[in-house]
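Two complexes come next, and they have one chain in common, chain A, joined by chain B in the first and chain C in the second.
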Partner chain A sequence: MVPPLRSSEDAPGTYGEGAPPTGADLLRLDDVNVRFGDRQVLRDVAFAIEPGQFVGLIGSNGAGKTTLLRVILGLQRPTSGAVHLAAGHELGGAGRPRRAPLVGYVPQKVMLDPDLPLRARDVVALGIDGRRPGIGLPSRSRLALVDRLLEQVSATRFADSRVGELSGGEQQRVLIAHALIGRPRLLLLDEPLANLDLNAGQDVVNLLARLAHEQQIAILLSAHEMNPLLPVMDRVVYLAGGRAVSGRTDEVIRTDVLSGLYGRPVEVLEVQGRVLVVAGLETPDLPVVSAGARATR
Partner chain B sequence: MFTGFMVNTWIVASIVALIAGVVGSFVVMRGTAFAAHAIPQGAFAGAALAGLIGVDTILGLGVFSVIAALGIGWLGRRGRHDVAVALSLVVLLALGSLFLSWNTDYEPEIFSLLFGEVLGISSDQVAPTVVLAVVTIALMVVLFRPLLFSSVLPEVAEATGLSTRAMDLIFLIVLALATSMTLPVVGALLIFSLMIGPPAAARSVTANPMTALGISVVLSLVTVWVSIALAYQWNLPVGFFVGTISALWYAVGRAWLAWTRRRRRVAGDDVAEVTVQAAPLGRCRR
Partner chain C sequence: MTAVWDAIFQAGFFSSDEVQVALVVGGVVAVVSGVVGVFAVLRGQSFAGHALADVGSTGGSGAFLVGAPPMWGFLVFSVAGAALMELIGIQRARGRDLATGIVLGGALGLSALFLYEDTTVHNTTGATMTVLFGSIFAISSSLTPWVVALSAISTAGVIVCYRPLLLASVHPDLAAAAGVPVRQIGAVFLGSLSVAVALSSITIGSILSTALLIGPAATAVRLARRPGLAMLWSALIAVVSVWLGVLLAYDSYTWPPKHQAWPASFFVVAVVFLFYLGADAGVSLRARLRRPAAGQVAGDGPAPAGVSG
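Right after this comes the complex of A and B.
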């Protein structure tokens, strides 16, 4: 399912989406700019996500992936531009960002104390009403709901284990269950594969693809390595230097499009079933830009 | 041991143990043990000042521990939390020494503020302790889930609209309240041990947060009761017993945890061996 690698004469950059509000969009970003001091982190980022879509947010370290996710979550206000969430849940723009109940979030690299007196099921239960005051007395329906979520992410086996002692992949599942228990329609994951070995990473990707397909939950997953995602991604948002192009993978992962995005010649190569983005041949002194956008600067 | 003035001691000390066991669980979970050490130092300076200008000690304790909490919260926002805590600690301790040097009759007073004076709790100390305890417990009940959430998954909690900073500050204030009531009993230098030892031991023996809280309270109560009895019996400082027994709980808890983990690892190794044999050779590098 590797996208066909074509080269065309089309002008690059035309795949950055405009703002055609289709009404079916779950999330739409309109020309989002974020500036920290004199550093422009995001530049006119615009794309949209529909229900049930699996979207990869691809870019090397420092490309602005985490900032973009924070903007969508309302944790970072855009300098200009707007984030539209379905059903009028507007974030950003003027005023304090409102929280978005239809968005679930799995942050990057959660550091859990191995001695923490908390079981996997307690972490999942915090997703129901962790922000509400009070102790939260256990009830049969709550317990059943937690059990169901744990089963959905295949975490029943370690439901009663100390969460800090679980492996990276197991913790990832618990956090996904935590995020899902609030019944979000969009799930944001920041580099969920970064600390996992290949097999554990593939398991998480398959789990997410199943959720997107079966429950129509849209997934926006950031990664610096796109190859594990190629079989399941419906769309890709490719970030480089704060700019983004988005579209189907075969529309975006192309020599002409990415050269336009990077502002210098890069080449998309297919090597043994893997897609590599490398610096163009006419400038051999440039380092490899990325293996699936891995290396930075 | 259970008559006359000692009745007040048992009542107040039990309340103190209850509070330390509950608040301490979150101190350990949030990794704010250092702040739990620093705030009592601030409170100590307040008590010294109160003695100097002739107002109620508990007022000085309350005001200064809240000031210390707010100071740590405010400074911690701008720089590293541990550095802010360390600086607050040093400045307040310095102030305490200044106030004490101006005070003429301080010797037994300073000793009890630093190391606790459990055996002479007067009946007018009971009422303020009960009031502070009720307020502290009420706050902990209300804050329980949000505090747990923001301690464990700060980023996710923030994304749902729960401000980490606000939780930080509120918890420091709860800590300050707990400090002002526990300090006269166990002393500024030893509150810390009562707030850390029992909860740290409790979390070693269970992964269930509510069970851990319960065990922490029980251990804390036992610590205080045994300490008072031994201090009364042998006429030794109660703080000595509180400190050593708390540390003892911790040692026992860690030993238990290490033992169970080792046992599990031995069991896990058998499984791992089978897996390695079954795995294709290419994967077995390393």
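Right after this comes the complex of A and C.
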């Protein structure tokens, strides 16, 4: 019993499977394994991302989402396997990220110190040349670029506020602008929706979908909750038990596929327009592994 | 008018060599402490700064034992202490406090021994006071060029690492992902910090040097919204504090009870503290004045949910 899923075609602002195949992958992971001590966190994870694709990285707490993103960034060295980035930019063994401009990153749960003497626009500007030594001189073109990025993420209103005094959602936008200003071709976002209310989350998702579509920036966004992403996701990478399955949402979010991934029966249900992945009926006392319903606290 | 002037700048203040050296060395050191202090605050390394000062005091007291200028003792030990912390692993979030604590404990033991020897065997009672609380009026003018050179080195370290340090203070992973050699940058900063702490120790003593390092910086980051401005404010507050401290200490010689000058370090730290309290009050006041305006802004958001007045 596989309930019909909303596929990505009927979502506004995305191009789903209808997108022209652009050929070369932007990012490809080959059998990536990560082990911390005797705990295997990622097991033979393999998938690829093409330019302009919006990819959701779905998994519950501790599934290894952050670890996977850190592997892609070169911040975490895989125990085995390889990460290939656009045309030969291979990570290699050294684990030092060298392809900084190619990949933008918005880390998980950033709550900036209210005493940080940085305005929102300063944080964005650090995305241009924050890695360079020295103080750096302001230039008109830089200022204009920063303004443009702030506008793109609708952050103009609080551009001159202390960044640590902004709300979680506002900080999120500033960090997205920071990541985008380096003109990355791949943008990694770690649980950007976790601290946002429904409206703010929807705004961020729409913004990212637009970027993917208009600027051909590939987006890999992690979340433990897939429903807000269903309308815009081109592909999903579903993590559970250290293993991953990837594909179009209608290929992956299926009772048989996810049961195989979890190694126990789970069921994909659609309830009032929301997709729920719940423990299978055979083992009714298992907890819900990934509920689509937002927690009502 | 001149009476007031004479009461503030008492006879001999500007002509005294000791005062001149104190003003020059104190001013330069204050600038460095203010600038370096901002990143020490942002990186949560005030404990490390304090520990380096204590480690430096081991060198300072050891220098007295062998009859060397205490500045070199402070400097060598503070820098070596920083290197040791780096080796033990100050970079790891948890390792940081541990590494600092381990180095601190070992050094303080030695420091106690040296100060004991200074006082009992060598009969130089002043050593303890000088090492722990500073003696800004007793700095040899021959040290001035060295102080300036070391200040330049320490400041240069911060300037070179300025943007990467800021990026790392937003999020270390963000810096690492951008290709910043986070660990090396941290090591350079720790070097700058150790030099700044040593310089601060010779002016107001190892115990109080943390106050000069952290106090103006903590005040400045509350006042300024931009990092460059925060550093300017911090340096300015530090310089004003040190100079006021020197002036008040000089004047205090004529205060009752007569002919017992108060220590300059006390005044410096007192002024630093007053600046902090003032800024704190100012920031709260500003926030209170702004609140009504903030309520209006919240009103045009998409969520109409209860905006409190």
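We adopt the following convention: the second predicted complex is superposed on the first by the 260 of 297 C-alpha atoms of A that agree within 3 Å, B and C clash if a C-alpha of one lies under 4 Å from a C-alpha of the other, contacts with A are read in each partner's own complex, and residues count from 1 in each chain.
Keep this in mind: a residue touches a chain if its C-beta (ideal position, glycine included) is under 8 Å from a C-beta of that chain, and two chains touch if they have at least 3 such contacts.
Since the structure is predicted, the reported quantities are computational estimates derived from the model, not experimental observations.
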Give one word, clash or fit, describing how chain B and chain C relate on chain A after superposing. clash
Of the partners chain B and chain C, which touch A:Asp197 in the superposed model: first, second, both, neither? second
Going by the contact rule set out at the top, does A:Asp122 touch chain B (first), chain C (second), both, or neither? both
First, second, both or neither for A:Gly37, with chain B first and chain C second: neither
Please indicate which partner A:Gly273 is in contact with in the superposed arrangement: first for chain B, second for chain C, both, or neither. neither
Once the two structures are fitted together, what part of chain A is touched by chain B and by chain C alike? 73-75, 103, 105, 107, 110, 112-113, 115-119, 122-123, 126, 129-136, 160-163, 175, 178
Sites on chain A touched by chain B in the complex: 73-75, 99, 103, 105-107, 110, 112-113, 115-119, 122-123, 126, 129-136, 160-163, 175, 178-179
Touching residues (chain side chain B, partner chain A) in the complex: 29, 31, 141-146, 148-149, 152-153, 155-162, 202-204, 206-209, 211-212, 257
Flag every residue of chain A that touches chain C in the complex, lowest number first. 70, 73-75, 96-98, 100, 103, 105, 107, 110, 112-113, 115-119, 122-123, 126, 129-136, 160-163, 175, 178, 182, 197, 199
Hey, which residues of chain C end up touching chain A in the complex? 38, 41-42, 159-164, 166-167, 169-171, 173-180, 218, 220-222, 224-230, 302-303
